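What follows is subunit A paired twice: with subunit B in the first complex and subunit C in the second.
Coming up: the complex of A and B.
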């Protein structure tokens, strides 16, 4: 049995089904992210694990114990909030020690633990400050220390970085990840930022409209999206309309040009219209690289994105992007040029329409 | 530019005159009990009057009791409404405004009718009459105390703080007394101060329940003395201002105040 299990969990608020048939098994020490657009039910699911919401249906277990209806203060689950939620009337050290104080630990132990935690979050000596004397990033680190100090079984974080600015977000992301690894604590991390989810998770749960679209490692989610929604939501995606020419041989036609896919077409009919997707970084200029598929297109736009250059091309009604690494010797086409591009058969994904 | 400044100053001066002139008149009058010289005789007379000391002590004790019991009742109620029944807020707000609509005289006659006979004959003993008076004071002060507590709760993120405390293992009692009350310091202080001012000056309830409170004493004094009531007014003004100054002083260092403008 996995350490944290959600079985067929459902939550409705009146008419609104916020979460439906949610099944997830999280192993001890794993960091799992919930990724999805606003309103897809990430927070609601997290709050059911924390005990702030009761599921309408289904069950939740931690370490084999059913906690579905256990009140939040009896669950031993740490939580970090988007708005930090430090207690304004207490010093940093008292905030961190609050959980242990509730558990009636001796004050010498609480003090020692608070110092340990302050060292862990790289804020030694700031225990006597009040929350309002700290920056947002520091406050969130204290909130993390507070949630970890009483050694909870599971750590829950609800968009902990979204109130911070971009630079701090990236550095704190790394810090949270390394602390999580060091302590080996089972963690659920809610975010709508795919970079965050992909960079720190062992596995990602992509959610949409209250249900799970796909569960997988960041590698699987990015490279082998199972539904159109996942493909669209994670990374930049080109979708092209194609017509099936030969399902068995996996041959398709895009704007009169034949391409091959390496992925099964699942008994599609000849002439049937399907959506295929190709990641921009898997398309190259034909010439230096030669792959199975080639296609003629017209350049419509070129944009520099720092380390990569994104070129927008068109063939017939299909407009899509290709990415190429930037370097000073790069010879770029001009807008309006006719170019030939190439990509492998593996790069051509035929998408199942999402539910 | 000049013109606007002139008018602005004119109104400020007019307002100040309207406010300070009567005060100055009262002060001047209160110092003239001895013919021909300015003296504090009237103040001495008041302070040496045992009835003054007794009634003021009685009212102070009543005020303290009203503040403690009132806040213990109002804070958890307002907290719960904020947390769990936000849709009930207009109703609660309406109820807390009723003391403005229903005069104290109606309230006290209601009290006397209901509590002067069985099953709850509260007016039969001094202690229970005092309790009845305290509950009456609570009702009269309710619009002010509820409003300051409500404003205090709005200034903090009640729900998230509650959930943070819950996830750390805290129960309701701990949340209320370690998180909510301490973070409402300024709100509680101003609520307490308003209650104090209302209780000390209240006449109707104390008079009709026949308790030796400060309000009835002031009225009595006004009936048979000339200079002393003026001295009393000046003293209560001074007391009020001292209390306001104290609130300002205490709230300056309070974390919740600084955080309002802080990082979020």
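Coming up: the complex of A and C.
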């Protein structure tokens, strides 16, 4: 049995279904991210696990116990909020020890635990400070320590890094991940940042319009998106309109040029229009490498993005991007040049429409 | 040039403060130490410690404290219900508008309104007699004594509290409650450890404001009781403009005593606030 289990969970606000048909099994010690755009239902789902929202239908269990309608203060679930939510009237140590104080633990135990937690978040000696005396990153580390101090069964993180600047975000996400690994605590992490989700998670749940689009490891989500939404939302993706030429042989036509996919076309009919996707980094200049698919196209734009160079090309009605690693000796085409590009059959994914 | 214009902009405020605050206060302080001939004396200050004047101060402090604490309590509960009670938005808007009006309704019109409503022949008094057969005056109610006056002043004390506390309650973040619940706290524990300590500076400030608001009130008390309740403000009026007890210098000394009491209250508030809000910048 999974440690945390959501079964057919639905939540509606009036006529609006915020979350529907949500099924998820999380193993003990696993870090699962809910990834999706604003309003997709990820925070609502997290809040149902925390007990701040009650499901309209379905059930939630932790370690076999049904907690669907258990009040939040009886769930033993730790939560870190986007806005830190530290109590401004308490010192850092008092914030961290709050859960233990409520549990009526002896003050010596609370003090010891607060010190342990401060060491864990690399802030020893700052227990006497007030939240306003800390930076945003420090405040969020204290919020994490506070959520862990009372040894919850499950840790919930609601976009914990979105209020921080980019550099701190990257360093703190590494810190959160290493603390989670060290403690082995079952964790649900809500984010709309794909990089965060992909870099930290054991599995990612991609959500859209209140339902699950795909559940998979970061590798699966990025490389084998099952729906057009997942493909578009996670990473940069070229989506092309293609026509099926031979479904059995997996041959398609894009702007009059034939390409081949290595993936099944799921019973598509000859002449049927389908959407195919190719990641920009899987496309190369013909000549450097030769793969099964080649296409003629015209260079429309070239963008330097630091470590990579993104080239926008056109093949008739379809416009798409190819990425190549930047290096000082890179010979790039010019805008308007006619070039040939190449990509493997495995790179061509045929997408189904989102539900 | 900009600096000069800025100074010109604030000049009316300073002019007003000098003419209507600093000058009268200084005259009052100086006058408290003078006899009618203008000579320096400590007699007026010594007279403040006579039993009748001490009783007046005590009565004013008592009634101010009662209306401040009761007004703060009712006002806080009302503000809580309107802001955090999950009531429809229009109730909050209506309540704020009513409180804005009620908190400014004072003086002789307020006294008249209460006499017309709850006086011996007031509308509600008569209604109770005619409909329910109950005469509230026979049950011990009296609009013209300590509690009647306190009730009348509550009319503008608790709306003022609602107006002061509404923004403070708005400032309580939902995440604080959720974080405390998340760590196992009950609603009572959330209020005890988180919400009330956060609100305490605002609450204390509001109680002091309510206390001062009543402590300096004159017209309603005079119109309602006709001077039968020896409040300190009525005493000042009698000493400064009375026919029988005319001693302006004693009146100034009485006012000086009020300033000292308010200064002690504000000093106490500042001290308490610094103790309760160490976490504020």
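Assume the second predicted complex is superposed on the first by the 355 of 355 C-alpha atoms of A that agree within 3 Å, B and C clash if a C-alpha of one lies under 4 Å from a C-alpha of the other, contacts with A are read in each partner's own complex, and residues count from 1 in each chain.
Heads up, the rule we're going with is that a contact is a pair of C-beta atoms (placed from the backbone, for glycine too) under 8 Å apart; a residue touches a chain by one contact, two chains touch by 3 or more.
All of these numbers come straight from a predicted model, not from anything done at the bench.
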{"item": "Clash or fit (per the criteria above) of subunit B with subunit C on subunit A", "value": "clash"}
{"item": "Touched partner set for A:77, first subunit B, second subunit C, both or neither", "value": "both"}
{"item": "Which of subunit B and subunit C A:102 touches, first, second, both or neither", "value": "both"}
{"item": "Partner chain(s) touched by A:87 [first = subunit B, second = subunit C, both, neither]", "value": "both"}
{"item": "Which superposed partner A:304 touches (first subunit B, second subunit C, both, neither)", "value": "neither"}
{"item": "A:136 touches, of subunit B and subunit C: first, second, both or neither?", "value": "first"}
{"item": "Touching partner for A:146 - first (subunit B), second (subunit C), both, neither", "value": "both"}
{"item": "On subunit A, positions contacted by subunit B and by subunit C", "value": "50-52, 71-79, 81, 83, 85-89, 98-99, 102-103, 130-132, 146-147, 150"}
{"item": "Touching residues (chain side subunit C, partner subunit A) in the complex", "value": "173, 175-176, 178-186, 189, 193-194, 197-198, 277-281"}
{"item": "Residue ranges of subunit B in contact with subunit A within the complex", "value": "156-157, 160-161, 163-171, 174, 178-179, 182-183, 185, 255-256, 258-259, 262-264"}
{"item": "Subunit A residues within the subunit B interface of the complex", "value": "50-52, 71-79, 81, 83, 85-89, 98-99, 102-103, 130-132, 134-136, 139, 143, 146-147, 150, 156, 163"}
{"item": "Residue ranges of subunit A in contact with subunit C within the complex", "value": "50-52, 71-79, 81, 83, 85-90, 98-99, 101-103, 130-132, 146-147, 150"}
